[in-house]
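In order of appearance the chains are A, B, C and D, and numbering begins at 1 in each one.
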């Protein structure tokens, strides 16, 4: 990057048509941008077009680019978004008893492997506070009493608003969020499910996997939608098990799969590498 | 192996109790056997015990071992089996239109990577005959006309009997076998299902996987039981896919996963490395 | 693709500078092209820029694109190449005793998984002829007598010329080609080495791996350069081994790794997805 | 485990001969042991025999087993070892600037995923002290001044003696230990090397890997012997990279491979699952 420049990211999704790359790269060329990454996916004419570009341009050029993109979008029904790479996303991490995913996220955000900040940790288990404290992270204990879920969710909403949260990460948060809550954060809540979805939806996936006698266990990071465990999948991975592994081993091995899968998904999400489309995701990973 | 010796395999499953390894290894020691492989799995007292041993012993010693195992099994309610390693299993391979799994099995049995012989190929598609012929394998065209399934199954049963088949391999055979047929071959029919079971049971698993937007596609080799795609899993594997892959790519990539998974499962089965138990398998792989 | 259109591929490599994507996509927009794939890699200003685009355009438009690319390259010192996707590359497959890689290539080209044709098979082992014949592939037996290597290479050159070969694949060909031979086919000879390079360069890599006690064995497909096993790597993969595996098992397992790695590398190469640069490769895989 | 019982582990290595399993399982049967795991590996007559058994027996029975094993070993030149499973090994973790491996070990020992205790952390970088403290681990800063290596090693030896250390883990410790130091701890020092050995021995393996253009990067955990990076390998793993990954990405991705590989190796080592033999290891993993 040259002095006086900033790094930007431009995301775009629209019906595919001829000349799109030329037109959008024209906007960037006019702004004197230097493109450092340019990924696109096209379903072909009649389908959709998706693009992510990362580029360096003089500070302030974003105003011009915004204007030009607005012009462009007058003719093509497109969704687009321009972000500044140095503006790190602010995460709220929700966690229940199992702390390994929080730990991994604290660690990777702390050392810069994930380019985001954990702004606040929220748990329905008070003892998580100690771990949050050891990483100097603000912590809120929000218990979920029977029949008081909406009250708990209201508290969480307040915290999320106060801390100006960009993305909510359910890092083994074992409460099911209401449809109302979820609908406020489209493609902004990421969950880790401890199975290879769509196998073993719902409760106790490791026990389900053990009973079915599978030879690989997995983890799935996905955007949360109103239907449980049905949202667009961002990342999945698996690990081999065999007859010697008991349920406790499934959980031990699975913990490592879960935290790696979730960390990758969050990393891609906060660097604008994930474009949800219908119930799938386009991911331009690094 | 010394001159005048043969290689044997002894399989055993029974409720676990103290001293089992000592007693069964005593049977082998008495017979002057040299154990070259000894695998066991114990669930602990109150659970089950599984064992596989491969050993060299003088030809004819098997009579003595059988007698001693019978004595042993008078006190412990066990299942056991003694086989001769050089007696290669005889396979019937059933296949529909997709020939890649047949091809892999023909190849690996042909070059000795799988220690078994394809004794006969059966298909409901006549054009498979040409491929069978290119490997000099006996071929039977058994069409499955609407409402004539039981007639077709009768023909298959005759062929299987005539060719003295040990194991039936469904190598992308797209017909559902009747419960009556299946019940005649307990743990002797192996199927390859083109998904990571239990995800995407039934028809068109790749299309199901594509629609769900999974990031890994898989294949599952399992014993066939009366319930579709519910039998004990022998082996599974997966391969990564992303948004660039269309349904045709899923099928192309999946073909390679399927044939590798099926070949491994058949290889372990014919070398007595798979012990089904309830709806799971104990596999001692190589 | 619309009636009257063809699919083309445009490859490009040059020093990175601002506006490149806009200019090259301009050439395509002017030609009325519909871009179906667009991959680029930039090292940033001061580094290099690499691009691959696949697009549909009216038959004959290629003349115009060529002219425009020539204009473009007058200002930027670039290498570029325009190919027609339907013109399948013609392969010469060289093989010694081990036939599994030839078999895999014959199979995958035959069923269209690799978009190329094996035009001729050449071996220093006469018995490979039978396998070539079973796939109806022209076969030449070119023995390599001691001290007669240059004569053998001359024969191979003649065959390669006669069959208008695009790419030579060394599918477990155990002869070392002379520097003179290699220099005639820059980035047009692909070799499979049966180890995870740069570990175990040279002869008997599985024996070397066995002796070192590694826990993973691998295969490496690379372009052949004048230095043995030192050319740009296209693809690598590994498989787990443990203490139970003897040298014969390494070879058995390795065969499956080798043929998959080589098949992927050839597939990417013939669809113009591999751009060698210095001693590395940029690969835009599918 | 029944009341009044303890879990033991018996390890054994000797030249293979007939009847070994029967004799050693006889020792256990006489002691009234209940075998819960029994793994063996035989190279066949003329080769070696390796065994690991885990069993429950009445507290105090170990005296009898020791006596019987001594008798047994009078006739067969064997090495054997009996350990109590509940006696957790005490680890000294040596680390330089990069703390991720220490962090993973602290975490996994802390939550019981690795059945051992970090008794002390030693570093030639003072700032590691803070991390050690956050896990309440004793910490020693032992700088290595130029020409003062032997003095530093003397300090480390003192600490290791004082803390009654069973195993030394080099968790990205960038100092080369002297042959004299190493020879005091045969098969008791584990190192993580940040490459897929034997590729990229020595300094800067990620830079070496980057320059060679490999498609997979790896990590290797091995016992330390007097020759640098040449000791018996315990565990290895790899992760895919491509042209988009810069050296910093290699390091970021590699960190995750390294800590997982090292954690698995330490886990197997402390649960007596690794038997080094010549320059290889027999590993009975879980």
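Everything that follows uses one rule, which is that contacts are C-beta pairs under 8 Å (C-beta built on N, C-alpha and C of every residue); 3 or more make two chains touch, one makes a residue touch a chain.
Chain identities (UniProt): A, B, C, D = Formyltetrahydrofolate deformylase.
This is a predicted model, so every value here is computed, not measured.
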Worksheet item: Touching chain C and chain D alike: which chains?
Response: A, B
Item to complete: Sort the other chains by how far their Cα centres are from that of chain A and give me the top one.
Response: B
Discussion item. Looking at B-D, A-D or C-D, which one is a repeat of the A-C interface (more than half the contact pairs shared)?
Written reply: B-D
Worksheet item: Is the contact between chain B and chain D built from the same residue numbers on each copy (over half shared) or from different ones (under half shared)?
Response: same
Response to the item:
dist(centroid_CA(chain B), centroid_CA(chain C)) in Å evaluates to 37
Worksheet item: If you average the CA atoms of chain A and of chain B, how many Å lie between those two points?
Response: 41
Worksheet item: So which bits of chain B are touching at least two other chains?
Response: 37, 244
Fill in: Complex interface listing, chain A residues touching chain D
100, 103, 107, 111, 113, 134, 244-245, 249, 252, 255-256, 260, 286
Response to the item:
chain C contacts chain D in the complex at 41, 50, 196-200, 211-216, 218, 232-238, 242-244, 279-283
Response to the item:
chain C partner, complex, touching residues on chain A are 2, 16, 18-22, 25-26, 28-29, 32-40, 42, 44-45
